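Shared between the two complexes below is chain A, which has chain B as its partner in the first and chain C in the second.
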Partner chain A sequence: MAATADLTATLPRADRSFGFRLALPAILILVVLLAIPAILTVIYSMHNVPPSGVSFGAFVGFDNYTLIFSSPVFWRSVSTTAIFAAGFVVFSTLIGLMMALLLNQPFIGRGIARAMLIIPWATPWLVIGILWKWFADGSVGGLNAVLTQLHVIGEYHEFLSDPKLALPLTILATVWRQASFAGILLLAGLQTLPEELSEAAQLDGASVWDRFVHITLPWLRPMLITVIVLNVIYAFLQFDVVFAMTQGGPGDATQVLSILIYRQLFAATHVGVGSALAVVLGVVSLLGGLLVVKLLYRPDVPAT
Partner chain B sequence: MTTLVERIALRRAAEVRRGRPRSLKATVVVYVCVLLFAIWVLLPVWYLVVSSLITVAQLGIKPFPIIPSSITLDNYLSVLTGSNGGKGIGSTDLGSRLLPAIGNSFLVSAVLVVFNLVVAGAAAYAMSRYPFRGGRLFELSVIATRVVPAIAIIGPFFVAFRVLGILNTPLALIISYNVFTLPLAIMILKNYFDQLPRELEEAAKIDGASRLLTLWLIIVPIARPGLVAAGVLIFLEAWSEFFYSLVLTNQLTVTPLLAGFQSVQQFNWNALAAATVMSMIPPVVLVLFFQRHVVGALTAGIGK
Partner chain C sequence: MGALQAVWSRRLLRGRQGVTDRPDVIWFRFTMEVKMGDKTTGLIPGQIDRRNFLRAGSAAMLGAAFLPGLMSSTAQAAFAGKLSMLGWDFQPDTIKSLISGWTAKGNPAVDVAIIPNLGYSAAIQTRLRGGDKLDLYYNFAYNSQKFVDQGWASKLNGLPDVDKLLGDMFESARARHVNAAGDIISVPYFSAVHMLHYNAKMLQDAGITTVPSTLKEIYDASKKLQAGGLASPYLAYWVKEFCEEYLHTYLLNEGITAFDESGAAVFADDPKTEGVFAWWQQMYQEGLAPKSALTDDPGKESTLMAQGQAAFFVLHHYFLTSIRSIGGPQSANVKSAPIGGSNFTLQIGEVLQMGNISDADEKNAAWDLMKYYGWKDTDGKFTVFNQWAKAAGLAAPYPGFFTDPDVIKAFPDYYDLPQISKIFATGSKVVPARTLPWYPDFQAKVGDIIHALLLGQATPKKTVDDLTAAAKDAASNKTTL
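Now for the complex of A and B:
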């Protein structure tokens, strides 16, 4: 087939079919591994699935969803997820932006600093959870050591057992990683900013702030939108760090949706309810991403 | 310290000579920010590394010895050899399981790198050069896979793998990790192929080379930087993955092993820190080594 088609390689139809055949393995793999399980999960979500999950069990329509939406546990988890997501997105984007601006300045050791920027991003999420759990530990933790040395706190504190502080600390840990990700992307964006643009403005007497607002920020806009959209999605899907640091506790102080679903599926083995929750989470993260695009994307600004 | 100050002064003098001096105030602000940046990135990592190099007794000191008086490699020896010498890791068998887990992580990640570069490379090349019917839809679907929560498709995987009898094998992970590594590889390589000039292929076509031969002999060699970057990112994602491995295996790879070790009572943080450092080294070293490639590909593949 391929050999004869090559003689007429100029024919678009032959080229199209060649392209399709090249892409076919990837298409098949993604259909089998993503589309089918996703559809199965949607079907699960409408059944009273036995814990083994081998059969669907009785069809219950939208009962699982009704159960979820009438459950206060779910709504507490939604609000925890929302707080987590807001803190995660705002701080990782802002700190990432500040780091990118800093590392775009000339200074001695910039190469080393840029390499350092990569380290948190290259660290597995789970390791970040373990690292910060122990860093915040009440007896051997480094955070307590630093804060007592600086006289911010008087004595050692069990931060992660404190329902008020557990969630902010999981946010801090994830921001530590994700700010680096944002910083890497935004720094790359800054490096493509033509220097003449900034210099011309400087000659016109524009202040540092003016230049930031009127030149740098608009230039970074497309990259910033991408970073924020990705951060929103990452925020809703975050599991590893919370699992390692608090497993959702103390109580349900850090029980974000992914942890709640995990508990439903694997601790309580409510496969039907857990699947319905998973569908809700997928829809929420999709809507979150779309909402950000809608809010931030202005068609009048050419996306470079 | 003086040498650094001297170097900063020299650089400032050079800036003055070039007629574009940064004000003294700005210079101070930049270096203070650099210091804060270094503390932000390095403090948690430093805490982890120091923890892995000190004894249980030193760990008990309050405040935590941020600059330890003496260091030891005993923690590394105990997690590598499994012998705890009566002072190490209690009743857990982490020591005898860490190396096999690291081996499994390497195996799964390496197989995925090779497999995904072939499958995603072919698909990405087809999308870039031979746009086929449905290609655009496929590309959108590949992007959309980002919002699918792993937890929403893990249930069907678990059931299917149990039926196939491959739960708790590297194969289960090699199959399931495709869900996120394959779309990532496709996006990065598609963008990379889009940037490559088409002239060489056209010349090859005129010379009568078949399309597959052109792909293999012309494109693969010049696309090597993109393939390397995609390979590193696939490795990074596969190495860092925790959730699938947690659910589908019994601590087969390094991430769930660390998480499991963390919830065992009889152990100490020093040994866990040593194991954690060892699990961080492969991805961090790999990314730092290929820094330029990886950042470029990441920005091009994700930033669009």
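Now for the complex of A and C:
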């Protein structure tokens, strides 16, 4: 940082502002599309905004936040969101890593398999939700057929109407897509791993597990952090799949925070309360991502 | 003499400078061109010869013949722009064909947008809040007063023939469109009554001689059918958004008034209310209704009836068309019957509302379309409702609708129209509280509370308490999650 500051200090003023001017269009777009709506959301969260949106309405300070934090519905939703996020992050990262390791090995048809990896990632979230809703259907769904053929279940089951199974099904649907994204990124990381490292370790008698733990994982650390941080953010912001599959039901079994926000903002038009929920969710997502970085990121220590 | 071709052109001049300051004064200007072969001649006063005189005379006679029709369609089409209409995705092709039929009669063009029914409330509120301009749109009856209060919908008082339209309606239906203060807030899009669709053959085979009508009779019949091997005999559309309709249906079936005339929730005062929720919970917990009743859509349930996987399906009367038209092995055995015994069933109806229109001509044009779509055409025929009857068995809340020969012909013969008309007239209630401005907040809560009941997370007593609290909070504008 000190070296960079010294470097820029020696540049002519025109050159120093050149970078800023180059970035200005992108900054403007970010301000208009992100910063302004975010600031407005915070302002709305402190007002009793009428559904018509003709004005901000009466200023209520933190009353909307008090309402939220004192509501058992909110805390149940937080709990559901936390379980969803944990399952989403863990399974999409693990399955993505497994797919990347597999697709990094030579085998016949590897090219086709790698190409197919992109298919779930290319499918919009809402389509994923609709597909999985039909897949999990209790009368005609393929999931029931598969599980029955494998003798895992004896008869067809209404997964999405069962409060105990609806949330795991939504996690499964979202992991199915997100794991492919994780797999693509991790595969890219694996392909930069020098083969000599693995070969040398093998010659020294390192087992497959030793090579994975001491060579592959450390090499993939930066990519893993990126994948996990993105997964955490996607997990908290997930809406489309849950809405398409269950609309937050049955009961409130799958009512994650994003569904609660939708109901307050768009269905009930409680704009102030919905905005407060959105602010809370935004802060939680940000903190989640920062926590991951804090826990997993270690700057490179130069050799002495 | 070449072919005689008269080309009429009309121009509407509004507020022409120096002539009028009134935007609603319409000036007509006709220009007439007479083509003789390749030669176009204009009329030039003072230079008329015999040939031109005869041509002019012929053209004038043609003009006189066409003028009355031209005047009437011109009067209708005083608005020269395009109307915008929003509806949900029930029979979108029928909607577009009805609207283009209206336009073809010399009326303004209409830009029709169709969006999904699921999430329609959220979508339309977001659009209107964002400044989207709509001339008319479908709406759920329980949202109609809220939309007027927010400035998204216009009151219809004073518009031509609006009192006639209301006078034509069943008295039981008027409260859906007119609030307690006398404001006319909507016109009908369609109306229906909750009925019991049942498989007559299954009942006969099970030895059930009378079609069940009360909640207890339905429970007993369902138990008998389940014992005979039918896993889940009773179907209903118990997704969260629709639980509120069933709440009123089941309460009315037992003769319970949910809300009094001032809109206060009074169902807790009736000792039978807890029994209704106990029944509801039993139907779900004992598997008499399938577990998927909380998430299934009516299309799937119609299919289950058609396939013979259920014996009862309570929903709007027109679902008989869905079940029959699927053509499943049991479709032909499915009939409809009233529910509620000597009490009532719920009369529902979704509505058309007019957007906030400031331009008088545009407002008149939108009103003309509303009358056509929600009442009768200019010839006094139920053109639109006739089409809905043919396409889907939808009804209209007008006594004359059920006796109209064209409508009777349009309905499939498996409908008992006199019976349905009687249910509209005296066997059903609208529940006026459903159009109160705070009602949407209550409606949004009902699904959560009922699902908790059905899933065994709440007792019937707690359900009564929770619903009462939800109604009180909504009525006092108290926001809750």
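Here, the second predicted complex is superposed on the first by the 276 of 304 C-alpha atoms of A that agree within 3 Å, B and C clash if a C-alpha of one lies under 4 Å from a C-alpha of the other, contacts with A are read in each partner's own complex, and residues count from 1 in each chain.
The definition used in the following text is that contacts are C-beta pairs under 8 Å (C-beta built on N, C-alpha and C of every residue); 3 or more make two chains touch, one makes a residue touch a chain.
Owing to the predicted nature of the structure, the values given are computational and were not obtained by experimental measurement.
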Worksheet item: Thinking of the overlay built on chain A, is A:L230 touched by chain B (first), by chain C (second), by both, or by neither?
Response: first
Worksheet item: Does chain C touch more residues of chain A than chain B does, or is it the other way round?
Response: B
Worksheet item: Counting only touches as set out at the top, which of chain B and chain C does A:G138 meet: first, second, both, neither?
Response: second
Worksheet item: A:H270 contacts which: chain B (first), chain C (second), both, neither?
Response: second
Worksheet item: When the two structures are overlaid on chain A, which partner does A:V54 contact: first (chain B), second (chain C), both, or neither?
Response: both
Practice prompt. Look at A:F74 in the shared chain and tell me whether it touches chain B only, chain C only, both, or neither; answer first, second, both or neither.
Written response: second
Discussion item. According to the stated criteria, A:Y262 is in contact with first (chain B), second (chain C), both, or neither; which is it?
Written reply: both
Worksheet entry | Which of chain B and chain C A:T246 touches, first, second, both or neither | second
Worksheet entry | Touched partner set for A:P163, first chain B, second chain C, both or neither | second
Worksheet, complete the sentence: On chain A, the footprints of chain B and chain C overlap at residues 52-54, 139, 262, 266
Worksheet entry | Contact set on chain A toward chain C in their complex | 50-54, 67-68, 71, 73-74, 138-139, 158, 160-163, 246-252, 260, 262-264, 266-270, 272-273
Worksheet, complete the sentence: In the complex, chain B touches chain A at residues 4, 7-8, 11, 30-31, 33-34, 37-38, 40-48, 51, 59-60, 62-64, 66, 119-120, 122-123, 125-127, 129-135, 138, 141-142, 144-159, 163, 175-176, 178-179, 182-183, 186, 205, 210-212, 236, 239-243, 247, 255, 258-259, 262, 269, 272-273, 276, 279-280, 283-284, 286-288, 291, 295-296, 298-299, 302-304
Fill in: Partner chain B, residues of chain A touching it in the complex
2-3, 6, 9, 15-23, 25-27, 29-30, 33-34, 36-38, 40-41, 44, 52-54, 95, 98-99, 102-103, 105-109, 113-127, 130-135, 137, 139-142, 144-146, 148-149, 156, 176, 180, 184-185, 188-189, 222-223, 226, 230, 233, 236-237, 239-240, 243-244, 258, 261-262, 265-266, 271, 274-275, 278-279, 281-282, 285-286, 289
Response to the item:
Note: in the complex, chain C contacts chain A through residues 118-119, 121-123, 125-126, 128-130, 146, 150-152, 239-240, 290-295, 300, 304, 440-441, 444, 447-448, 451-452, 455, 457, 479-481
